[in-house]
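The following blocks contain the structures, represented as structure tokens.
You will see subunit A twice below: alongside subunit B first, and alongside subunit C after that.
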Partner chain A sequence: MAAESRESLHNASEANSTGETISREVVVANRQGLHARPADLLAREARRWQSRIELVADSQRVDGKSILDVLTLAAEAGTRLVVEATGPDAREALEAIGSLFDRNFNEHAGSQET
Partner chain B sequence: MLPAAAAPAMLKLQGIAVSPGVTIGEALVLDAEGFRIPRRFVERSAVDTELARLAHAVAETAREMEHNRDRIHEELGDQYAAIFDAHLAMLHDPRLQQELTAAVRDRNWWPEYAVSRTLRRYAKVFQSLDNHISQRAHDIYDIEKSLLRNLLGQRRETLAAISQPVVVLAHNLTPSETANLDRRFVKGFATELGGPGSHTAIVAEGLEIPAVVGVGPFLSDVSGGEPVILDGNEGLVILQPDEETIARYRLEEEAAKTVAARLDRLRDLPAETTDGVRIYITGNIEFPSEVEQCISRGCDGIGLYRTEFLYLTSRREPTEEDHFEAYASVVASMPGKPVVIRTLDLGADKMLTETKPEEERNPCLGLRSIRLSLRQLPMFRTQLRAILRASALGDVRVMFPLISTITELRQARMVLADVMEDLAEHGIAFNPKMPVGMMVETPAAVVMLDAFIKDVDFVSIGTNDLIQYTLAVDRGNKEVADLYNASDPAVLRLLRRSLDVAAEAGVPANVCGQMSGSVMFTQLLLGLGLRHLSVPASSIPEVKQACRSVSVAECRLIADKALAMDGAREVKAYLRDQLRRLLAQTVA
Partner chain C sequence: MKFSDFVATEAIRSHVDADTKEGVIREMARALVDAGKIGTADEESIIKAIMKREDLGSTGIGRGVAVPHTKHPGVNRLVGTVAVSSEGINFESLDGEPVQLFFLLVSPPDRPGDHLRALESISRQLRDESFCKLLKSAKAPMDIQHLLEEADGHGVVS
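And then the complex of A and B:
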């Protein structure tokens, strides 16, 4: 039950150091949704990068570097989110964050985790 | 994203009205730990100092969280410690820190106020989420508490230290907290918990400040310093009131003052019916300070001096001197007028000073009032000694609550006689003829009154408990509170019997309890033969005016008619009509 994720259509590969926005869609796969622990990991990871990181769900857009903001998404298992990164290290940041979702934030939610 | 803090909508909350009046004032919010978070501003020049104080509090709070995490980690393991990691992460949330800093630097908010406002806004957002994340609101409150504790440090302010007018908003107030409210500054209060008839409600009525209880959770919607309207007549709490509402309530506040001024003119007039029957209106008090309110409204004495406050406001058992001082000060302000002191009327479960008894399944039917006094003789004797000593200073009378058997009455009298002997032996002055009365507040007491009355000099009918025990209704219980009804024919019949028995024996009878303070019942009570009413100070003018507007002859007709009815609703409607008729006459 690994997180499903794929590159989004726009800007995905053209990001560069000029501060363009690239994005990627992710799905919350944790059984308990994006609760405190994964939200904390996410915000920590996001803060490691210079780029602005935002999470978008339906009409809501939150600061990926703020655990409080991320929690207000109340994203449950199965929720699709778009992660947007803007800045010089956007590509790397997006990859790192996408990988967190891919790994279910290291929770033993599925059988594929090792 | 969080909604902007600007332009919040007016919020009307319905609670239970327990003390009448309306007031507008600044909110003082007390959370479970009793923190006070006023809206204060920081001088521009002090912004850096205050920011440093905030940073220090954040660091201290973080240190505490880390400490807790490590301790829990050792004791319970990783999983449980994770919650503190989450707390730490929230505390260090860059967005939160930015907001706090901006609030202090740009809006010049006092750090305490900034913390309370900002975190409560987050908590509110979490609470509104309808999944398990809403539980995170508790975490936010925890963080708020820790930060405030560190910010306030030794400067933590308490209710007792209030120095400007406020409306107190709290999760709950204990009777002793309520009793300690400073009337000069506390304009009213509202609590999330509580019901009518609770001791807190009685105390609020005594303080004569508007009070609303049982509002339900609302403290997260309000911050200290915001304007709030308290409507103790309708049981409303209004947060973020708009201009129009404020204006309307200002008018109401003014109008209430005008009516009060008009009733004030009754002060020196006797409560005499139009057919010349003198009615005696005495005051119910709890605190010596309330005597002044009774006097200023022209009372005929104190008909019910509750002494529970002596046991509730302090952790140690009151000494004889504590009792005596309180009683003496009341007697001194009532020269030539009766002061009826009721001995302890509390349940063992409410006592602060005693070790709790075994869990009582039914405290209302348990060890309380005179039963408790007779069980704890040294405590009872201490109170009786003080009452007797006060009897040397004026017209003091003593009254035993919750008498349900003749044995209790005789035992209580025996203890009193014994204490008298003791005082006489030591040459301490007291009135050996001090009148002794009993409360009639159990159906058993009414049924047996013809026997009990031979052993007393007066009786006082406590309608609150009498209704509760007669109708088997706990009025604090929302599910059945509507059955609690002073108009119930069963209650009226017990009243009639009590008053008839007392009249036949030539023993004065008084009614205390909320029924006597409500003008809806004045005509009925006079019609049943009552001549002594003991009411809260705030009701004295109204009840006096009602007495002065009716004739006993008319009242008898009203009482006969009400007693012939067989349902509470019918009685209530009829009494309402009669009151309306009376008010129409009075105005005309």
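And then the complex of A and C:
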């Protein structure tokens, strides 16, 4: 009995450390889409976290920590993606990655740089 | 997008002479000029634009691969070529490894989608380690061409 209740308490307080997946939707807002530079920034940020990070597009699911994987999404401006994080720091990872999208990967809307 | 949609086969180089970042970019741009894909008058400004892009962050994306690229009004469709350096070149790549395999891309300024789809094709195929290895060990431009054709044939239709 005691063991059981401790178990449920554990689950409640650290629900996320055991592999629950949390996700958020992001939109690729840079005019040039998710090209080499933002893909690099994204993969770098994803690798900072312990959690597994995946990006899901319509028909594809890729490893967010791999620039090659991210580039295979060929996500143009306006594309909606779901970022999924699974692991102990999933919440922080999602926040950090979401903020990259929110900031347009520090690109100006009209930037010609790729 | 298939490799054959943007790789100028006559501009493929299986053994670059250059041993620097700028050198290999120059050699590949010259190959595109010689193949008639970019104009002589645009050569220098294309090289400059590619180098300027490299200054923002290396396009050496890891696994010994780099994708130097730029947009340039001198082309009206995406053109590109492939080169291999057997020794490898310091490209300040993201993983710090020397680069052996180069895909150079020049796209028209108003076609970001084509550029993305070319990057997609390249990165999709390069996730296959043996494909990378085979390309890096190509003995002649023809070997590279055949490998790209094979990848096109088996690739995911997009």
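One rule holds for everything that comes next: the second predicted complex is superposed on the first by the 94 of 114 C-alpha atoms of A that agree within 3 Å, B and C clash if a C-alpha of one lies under 4 Å from a C-alpha of the other, contacts with A are read in each partner's own complex, and residues count from 1 in each chain.
Here is the rule we go by: contacts are C-beta pairs under 8 Å (C-beta built on N, C-alpha and C of every residue); 3 or more make two chains touch, one makes a residue touch a chain.
Since this is a predicted model, take the numbers as computed values, not measurements.
Aligning the shared subunit A places subunit B and subunit C in steric conflict. Of the two partner chains placed around the shared chain by superposition, neither subunit B nor subunit C is touched by A:Glu95. Once chain A of one complex is fitted onto chain A of the other, the partner contacts of A:Leu71 extend to both subunit B and subunit C. In the superposed pair of complexes, A:Asp40 makes contact with subunit B and with subunit C alike. By the touch criterion defined above, A:Gln32 reaches both subunit B and subunit C. Once the complexes are superposed on chain A, the part of subunit B occupying the same space as subunit C corresponds, among 129-137, 255-263 or 579-587, to 129-137.
Overlaid on A, the two complexes show subunit B and subunit C touching the same residues of subunit A, namely 32-33, 35-37, 40, 66-69, 71-72, 74, 76.
Taken in their complex, subunit A has these residues touching subunit B: 32-33, 35-37, 39-40, 43-44, 47, 60-63, 65-69, 71-72, 74, 76.
Of all residues in subunit C, those touching subunit A in their complex are 53, 56-57, 59, 61-63, 67, 69-71, 94, 109, 112-113, 115-117, 119-120, 122-124, 126-127, 158. Subunit B makes touch with subunit A in their complex at residues 1-2, 82-83, 85-86, 89-90, 93-96, 122, 125-126, 129-134, 136, 139. Contacts from subunit A toward subunit C in the complex involve residues 31-37, 40, 66-69, 71-77, 112-114.
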